[in-house]
């Protein structure tokens, strides 16, 4: 239990952060927990595992990758404690393995959509999106990247550092300049925080403006998303909460301006009609097919969530 | 001549800056010049005035307000040196007077489009746009403003300071959050750097994205523009040059990133189909009517520019 | 003065109603007044005429046809009382004459856009729109009409009665069925209450939905509008007030439903981008050219209205 | 057999009406029939059940809920008469049970998309749509409703009576005023008569105009549809017949107008591109996923219908 | 009279063809006629000139350039036969001169919209459009052209021959490939047969598809049109007749296919909303400003045409 | 082996051509090969069959029908050589049978979307599209067809010959006239070369322009596609190669034009948002459901392709 509580604490305090790392840490913790508990009966074992799962879920109730990892690990059929223990371990191993390979696989699949000579625009700093780009670069394609600054936290600076490391010619622009350059762009690639059951993309604030500009200019728009980013609960109508972040990320010195507030949403929602394709580690699909990921890869079906 | 050269120098070095201030300074300098030159013949006078005008025009060849001011001052018909001198002075006085009153008049006209209860979004820091907002506030309407940060130079911070001073409740957002809030906005009001003969708006980078988001959500979009912002030369096909500003405005520490460049356009172009109305000091018109401003207020006609 | 007061009273009590009839009655009353006043000086005459004009304007402050009629009658330059008196009479006669001929002329011009075999859809009950239709019918073209019911006051029933009288095959539909039939329609023709300086059309509630459905299906949309329907004041930013009419027009028996209100706007606003052409008695123009009507036919210019 | 014939008669004469009630009555009748027939062999039993099914289907050949109910009841695999009998009864019970719970479940799922402070627009009178609204009201959310009159039969009056009973503040408008109010609406919720395999929505006349207005203003549009409203036959290309209803619903006194006809379609078709989400009792899906409902919940697959 | 009849005959038999050549020939013929007639009175002279004008107009009743040329030549005010004679000659000279210079001037104005590095797409074979392209090439800009085949008469082959002669790198495509290449195009430039009062462009069949594809991809679309291509009559509602040309242009061997017809419209209509700019010899305007050309350059006003 | 090599040769040299014929020939060749090889072990048999399959695949590496046929024939589970042999034969028989019946079945399903009185537009020469049309004609519906010429190879001439034979009234137009006639069209039906996993349609050059024109005019657009036209590999991101065909198809005599090239793409890509329905032999689906065809009918799943 200590290991699990320790992991839970680290997720809560954001010592462990990033959708993938959180998910894999939770799966690993559940496996460790299951291998070590000393339940006499299967019922007892199941109760213990569910308690442990709940502890993890409570650390970040809105983190979809955490939810998916936990649910995939504790979904098993077993006739004995030993079978159950083995199933939890096997589920955790498989989730961790798939998750580790996901980004590379997404890069492989997504990079097929890039042709030599293309200019690719990306927003914020997504490993999946960058891997799509770097895979095509490594495959010898002659490409050019435009990266947005991504205010307020300027993750675009991370992106250009990574792309520079990879030796890919990149131009940095402010977020407001996206429409100005869009007619020179051949493909937009972004990452994903959450993909909903009806194909909407929840991602870094500004993503939906980029998508709208791409749509206006007939430029294809691809989201790169590991399957654990898809939200089963949205199938049951649940809305994805949009985190409102600290005003300090935008301006720190407005306390004397008594009529002024700052609104700092961390994410926005891109409607499926502006998305040409969602590239996952199991294939590239139209956004309207998100349910098939939720069903086939995450194991949820319509009406299976209370 | 010294006064004129002095003004020219100050415009060139940007000691005098801002479209309106530049225009008025140039008109004033031409008037001073005309009142003091000692030409014997009308031809001589005309030649001198035209030389002086050219000196001023050469300081900022792409500044449309400067061009309009100079052209309006030196357009006269006269039978004698004295008549010409008087005409230049009268033209200059009238231009300066109109220019000084323009923003207030725009505020008066534009504020009629705002209803009590409205939320108005503005981008960058335009006196004309702010006056539209403040006029409706002063008229007792209960309004709320959303102001964008306006990277890279963050003129939005100037805007919120001004609105705070006026006691108007305002929310600051990053440029990327415009689409997120657009469904709560009743009217977008922005300023103008240049309005072209076919009704396009050249304004602060990001304006065209704001307009696109407004169009997508059926939110009216108004540009507030003094008539001296309209460009006669665009009637003859001339394109408005988009200033590329220093990379340092965006990031100062990328010299070690050899694959990275920064592209920092200062302005973008909003097509007329996303603009519902251009509010000038002489009336509110659809953007397609820009030629009428150029013709009736600036005195240019089709095929009159060589 | 009695005649003028009598007319003013009849306009106020809606004994005289209809945009054209109101306008002509006001012009006539001003003429009668001017012919009979006994002013000694031109100043006195002018003051009297302006007082009389104001009395008429105050009867229906938002009626644009009344405003245009009064303004056109009292716009004169005169050197003597007699010249002024004659000018008022001449202005009134000309306005009345033009107004009387306007609908017929609109019919003549508009009907040229209808081809034999066409199906025309109309909304509400506009004489100008019906005359466009009947002119093409009288010209021997084989046409068919679809008329909407036009809730809440069901003016569509007047329209079908008129079209039946003219012998034109017509189908009546509810307002909600417009989109269902739009793919079979070749032209939409509606009337106008007000046309604004930026080409928006204020007309019977539902018009903007018809226009949106026409736009979606690439069906041309024509508004038929006498020039006195164009509003000079909108040039100065003034919004056209949308009359909210009695709830009783929709339902009379909801007093016991304490959570229920009725909202009954009489008109809506069709944006210029859904209007292909405005057909006036002086020609067919794109909506963006409305200023030219206001300038050339109504005598107003940008910045001439305080 | 008498019970079944009696039910068939009541469906035919519309004594039993409403998609859900018809479906449950048919399922119940088939169950009663199956429990009482005295077939010796399974073949005989099957033949009898199919005959009974056909009798029911013939009462309303275009009612999709009836078709779905009957098909779900008679789809069984059995090795004996008794097994078959039990299967029919079990199928009927399950269909009735699911159907009874469907609206409540839709309300639960759909209401998650409503936030406190929202204004919801609804058209016509759909129990599923109203339950989405009332569920969010019961959950303590502060909401406001706009209801359309829904000519010609004015089912909006039923809707406002129901919402009044529930204590929900509601505004009634004519169908033509939908576009006028759309910019103040946060969500549109309507019911469904039929959902097709390619995600089109067949619903009360006017629905597609409401959807078009919502799309124009970026307002989300949700259809609330029990799964038995989805039409398997449309998968095989079949078009949903649009009932043309009596002219008397629109006007009763036009017999003397010999050039006038009335066209009164009861329904219209909303294309999937204007629908953001279909909320069923088993989950909220994008309209393009309708096939998955037909396959997983109604038991039909591509090429399984002759 | 013989010279005029000869010219009329040549226009009728299409020995003289091309909008510009027809117009100049007619102007020249009228001048010749006026210089040689031997009228005693001004009335007589006017009658004769009008008869001559009518003879020319009757040769090609739908040719707008012919109409404009004739109308501009016979519009004069004169107090004597000699004054009238001189006016006709002066009008004719001016029209011919302007017309001759128009294409060059259009090239000069239009080429300002082309930047070095641009790819320009053109459709059919228009001297005005080609001159826009060649002017920018001659100005040293590095450009590339895509030319459509322009079935059925394959005028694209003329275009590539001309561009080859000019040394401009050009790619020929079939008309169906326009959308395929549009994302690589920076500007579309086409000519004009007729421009209507509401800004629609009547031009070679296929032009409106090119414009639609450009609009979809946010590629600017420019029409190059001499002012004599604008149609005053359309101001009065007149529709531009679309010539239906011989089936033989498409296929010559279908006489044995009794169920087959060929429809061969020579032109189509591009709506103003797909046109960014019309480039004339007197300036570049938005299409909605066409009335100003008709008024200021062709001398027609609203309601001046019976 | 000889039979298989012979078939391979004929496919390579295009003696066997057409998507369906190639696919059936390959299936048949594999069956013949399997029935005749003399492998001792199952492993040996499997190796031989896979080698044979590869030989066939190598003949036309981009032909999706060939790929689907081969993959469907060699997908089997077997415990012995004899079982494997039988499975290959059965798979081949089933594929051939389904393929042979597919077009007829598509005609049956698709024709249900056509109503008597409809005008149908088709592009190029597709048996599936023509069968949709002819099935409705044979069902007694009164229809009219518009067929495009389909440059450069003018397959429209084949189409009109076929439709003439069937006695269906047809009008031939050039490809550029599609937009001109679109408002008179009730349904567009075209064939398919490839359908991708995200619902895009790869078909004869010009198809995407037809689809865009249909979308603009709210005219439904149907693609008729046998299931073997769907590409499983696109699920893994693979792009469909667009064949660039010989310049000679467009013009043969440009060798002396040294600045001129010809670009002759054989196909273009229609995005799913312009496609209302894809009609296959197993049902009519929205394009976004293409994955379900790939999964259920072609036997591929997400992440099953390396």
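Every chain is named by a letter (A, B, C, D, E and F) in the order it is written, and numbering of its residues begins at 1.
Methods note: a contact is a pair of C-beta atoms (placed from the backbone, for glycine too) under 8 Å apart; a residue touches a chain by one contact, two chains touch by 3 or more.
No experiment lies behind these values; they were computed from the predicted model shown.
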Chain labels contacting subunit A and also subunit E: B, F
Same or different interface residues for subunit C and subunit E, judged by whether over half of the residue numbers are used by both? different
Counting C-beta pairs in contact, which chain pair has more, C-D or B-C? C-D
Rounded to the nearest 5 degrees, the rotation mapping the CA atoms of subunit D onto those of subunit F is 120
Go ahead and note the Å separation of the Cα centroids belonging to subunit B and subunit D. 57
Interchain centroid distance [CA atoms averaged], subunit A/subunit B, Å: 44
Expressed in whole Å, how far the mean CA point of subunit A lies from that of subunit D is 37
For subunit A, write out the residues touching at least two other chains, lowest number first. 216, 273, 286, 288-289
Every touching pair of chains is listed here as A-B, A-D, A-E, A-F, B-C, B-D, B-E, C-D, C-E, C-F, D-F, E-F
Touching residues on subunit C, where the partner in the complex is subunit E: 105, 108-113, 115, 273, 276-277, 279-286, 288-289, 292-293, 296-297
Touch list for subunit E against partner subunit C, complex: 197-199, 234-239, 271-273, 286-291, 301-303
Contacts from subunit F onto subunit C in the complex sit at residues 182-183, 186, 216-219
Spell out the residues on subunit F that touch subunit E in their complex, using ranges where they run on. 146, 149-152, 157, 160-161, 163-164, 167-181, 204-206, 208-209, 212-213, 216, 242, 250-251, 254, 257-265, 268
